[in-house]
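Right, one structure below, let's go through it.
To keep things simple, chains are lettered A, B, C and D as they appear, and every chain counts its residues starting from 1.
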Amino acid sequence: MKIAFVLGSSRQNGNSEWLGHQVLEGLDYTMIRLTDYNIHPITDQRHDQAGFQPVEDDYENVLNLFLQHDVIVFASPSYWFGMSAQLKAFFDRWSQYLRDPRYDLKAELSQKEAYVLITGGSNPKITALPLVQQFHYIFDFVGMKMSGSLIGHAVKPGEIQDDTEAIAVAKQWNHQLKQKGNA
Amino acid sequence: MKIAFVLGSSRQNGNSEWLGHQVLEGLDYTMIRLTDYNIHPITDQRHDQAGFQPVEDDYENVLNLFLQHDVIVFASPSYWFGMSAQLKAFFDRWSQYLRDPRYDLKAELSQKEAYVLITGGSNPKITALPLVQQFHYIFDFVGMKMSGSLIGHAVKPGEIQDDTEAIAVAKQWNHQLKQKGNA
Amino acid sequence: MKIAFVLGSSRQNGNSEWLGHQVLEGLDYTMIRLTDYNIHPITDQRHDQAGFQPVEDDYENVLNLFLQHDVIVFASPSYWFGMSAQLKAFFDRWSQYLRDPRYDLKAELSQKEAYVLITGGSNPKITALPLVQQFHYIFDFVGMKMSGSLIGHAVKPGEIQDDTEAIAVAKQWNHQLKQKGNA
Amino acid sequence: MKIAFVLGSSRQNGNSEWLGHQVLEGLDYTMIRLTDYNIHPITDQRHDQAGFQPVEDDYENVLNLFLQHDVIVFASPSYWFGMSAQLKAFFDRWSQYLRDPRYDLKAELSQKEAYVLITGGSNPKITALPLVQQFHYIFDFVGMKMSGSLIGHAVKPGEIQDDTEAIAVAKQWNHQLKQKGNA
């Protein structure tokens, strides 16, 4: 079982990242920090005669790295009640590779398992629920199992450390992942 | 700080009840098991000239008991992706007492704090999210603080004991409530 | 194509009913006014050894009448951001008949098509969205097609007649249903 | 009353655009096609000591143009059950200008009124509901009135013209806007 941590934050050492480390403490995993890569937003060419054209950026490398893993922990801050642009671009570009004959992307994705971490303010445990539903629809569309979602209340750097409920869930996931790894 | 556990299940010793006991272990609280009372559904007389008429059932006693508490743990199974009829009737009847001059119900409710427990099947951690949103709207309408919501996966009797994530949150709430009680 | 109008209101001539008549104007349909019947809430006996026991009320007659139709317009006021207790009981009791060997209820329901009308106040076009999602989950569970949902803003009697947007959709559905009927 | 149409599509003459033209037919309005401008995603500097730094792109011009209007029709395709990256960046950058002393952005936004158009596939009238909720939270945060939301079912170019229900609502909004303009 190979684990990746796909981090959509634009800040270093942010609250989403800290919460992810609680989930992954003591486990081997690949850190995929999306801001380390140049990833273009999608240009929707689904309906162009020639279809999607190759894009000169790092996305294909990131996708290939991502696809080597079985369990993915996705983390994003909630910006304006949605996921970060970096993480959204990561999913949007799936549209291109779902049509790329070199890949069988849907089949590959359907073998994976996702955990979702969201951190934010403005009553996030309610206002981020539509974002949880969006993640569910994304994973459901490609047949990927959504094993958990967790919303942490945190705005300023470090504030997540006061959300003892979120930490309790993160530790529980950590325990689950360790058990799966040993199974 | 006085705590009540308002249980909307129709079964005895069900999964919602078990999870509630994890939240409340070691604390003093009043058990309000709605099926122990005769509570009629609302008859909507908001727009009748004479307004709401007195109802011959146990609701007023239950309401008076409820109002003596500061923190309420509400628990309901998810039936067809909604709360139980018993718990819904409990809220629906608020409409009557919000218009009853003997009470200042909205002001009283706005001083209280709610925790919500839901248990069910059919991918409940996603499919019960609209129910969480409904609870939020109910509490928001009367100005009551919603301190937490928790969805447990359980259909058959006892199944909740396998939802280690839900139990972790319940124990965390128990810890929070004990700290508040001592503060 | 046989049409039924399942009305969950507790008031006569309420806003939901008025909106339903816009949808159904000029069409043959069966009016199923749930308050005309004695329908008990569910007693959850899914996990009792003996299973569900017969209930002495009108539900089976209502269910049999309902099952004779292909297209169902369900209408409910939004009470405390949920459907009326009458309509909820109608769905809850499906649990009993899904296990009744005299019926093949899931197969029958999967052949039907539903439209949903909701009317209410308190910013209903947002706050009733969780209720729309609940209807979707209910129909999805039994494989029933959900052909449309419509939220009307109306609290006082007659207020729905000012919601020109809701009326425009109702008239459009009316047009669709007439076309289907002629097809 | 000045109207703007803020279009978040990446395609020309797409379904969102077509639906927007139904809403705006016969009215004076400013077209703000976000893809005509170079708009950077947000760099979250809320917690940097120096705060947000000036960004060399077209956003400030677009924002100034936008702020001259009273009623805004926002349109976006639903990509992966969220708004387009272009429209999301438009909102995300508000975070920067809410902290810019040259503006009183929240006060200005609170005077405006928004309509939302979404088009997409994959059962959009259900699966885009979380996106409607997200728009609501965005507008609610800045005190902007949300006057309507409309989800059109359309994937391929032109397909929106078959969604007679969406067109009926668009025409109704057109009528409302003309009445407001004359008031």
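Heads up, the rule we're going with is that a residue touches a chain if its C-beta (ideal position, glycine included) is under 8 Å from a C-beta of that chain, and two chains touch if they have at least 3 such contacts.
Keep in mind that what you see is a predicted model, and the values were worked out from it rather than measured.
When the interfaces A-B and A-D are ranked by C-beta pairs in contact, the top one is A-D. Mean C-alpha position of subunit B lies 38 Å from that of subunit D.
Put simply, the C-alpha centre of subunit A and that of subunit D have 26 angstrom between them. Rounded to whole angstrom, the centroid-to-centroid distance between subunit A and subunit B, based on C-alpha atoms, equals 34 Å. In subunit A, the residues that touch at least two other chains are 129, 133. If you draw each protein chain as a dot and join the dots that touch, you get one closed loop, with every dot joined to exactly two others. Listed in rising order, the residues of subunit A touching subunit B in the complex are 125-126, 129, 132-133, 136, 146, 148-149, 164-165, 168-169, 171-173, 175-176. Within the complex formed with subunit B, the residues of subunit C that make contact are 10-11, 41-44, 47, 77, 79-83, 85-86, 88-89, 91-92, 94-95, 122, 127, 129-131, 133-134, 137-138, 141, 156-157.
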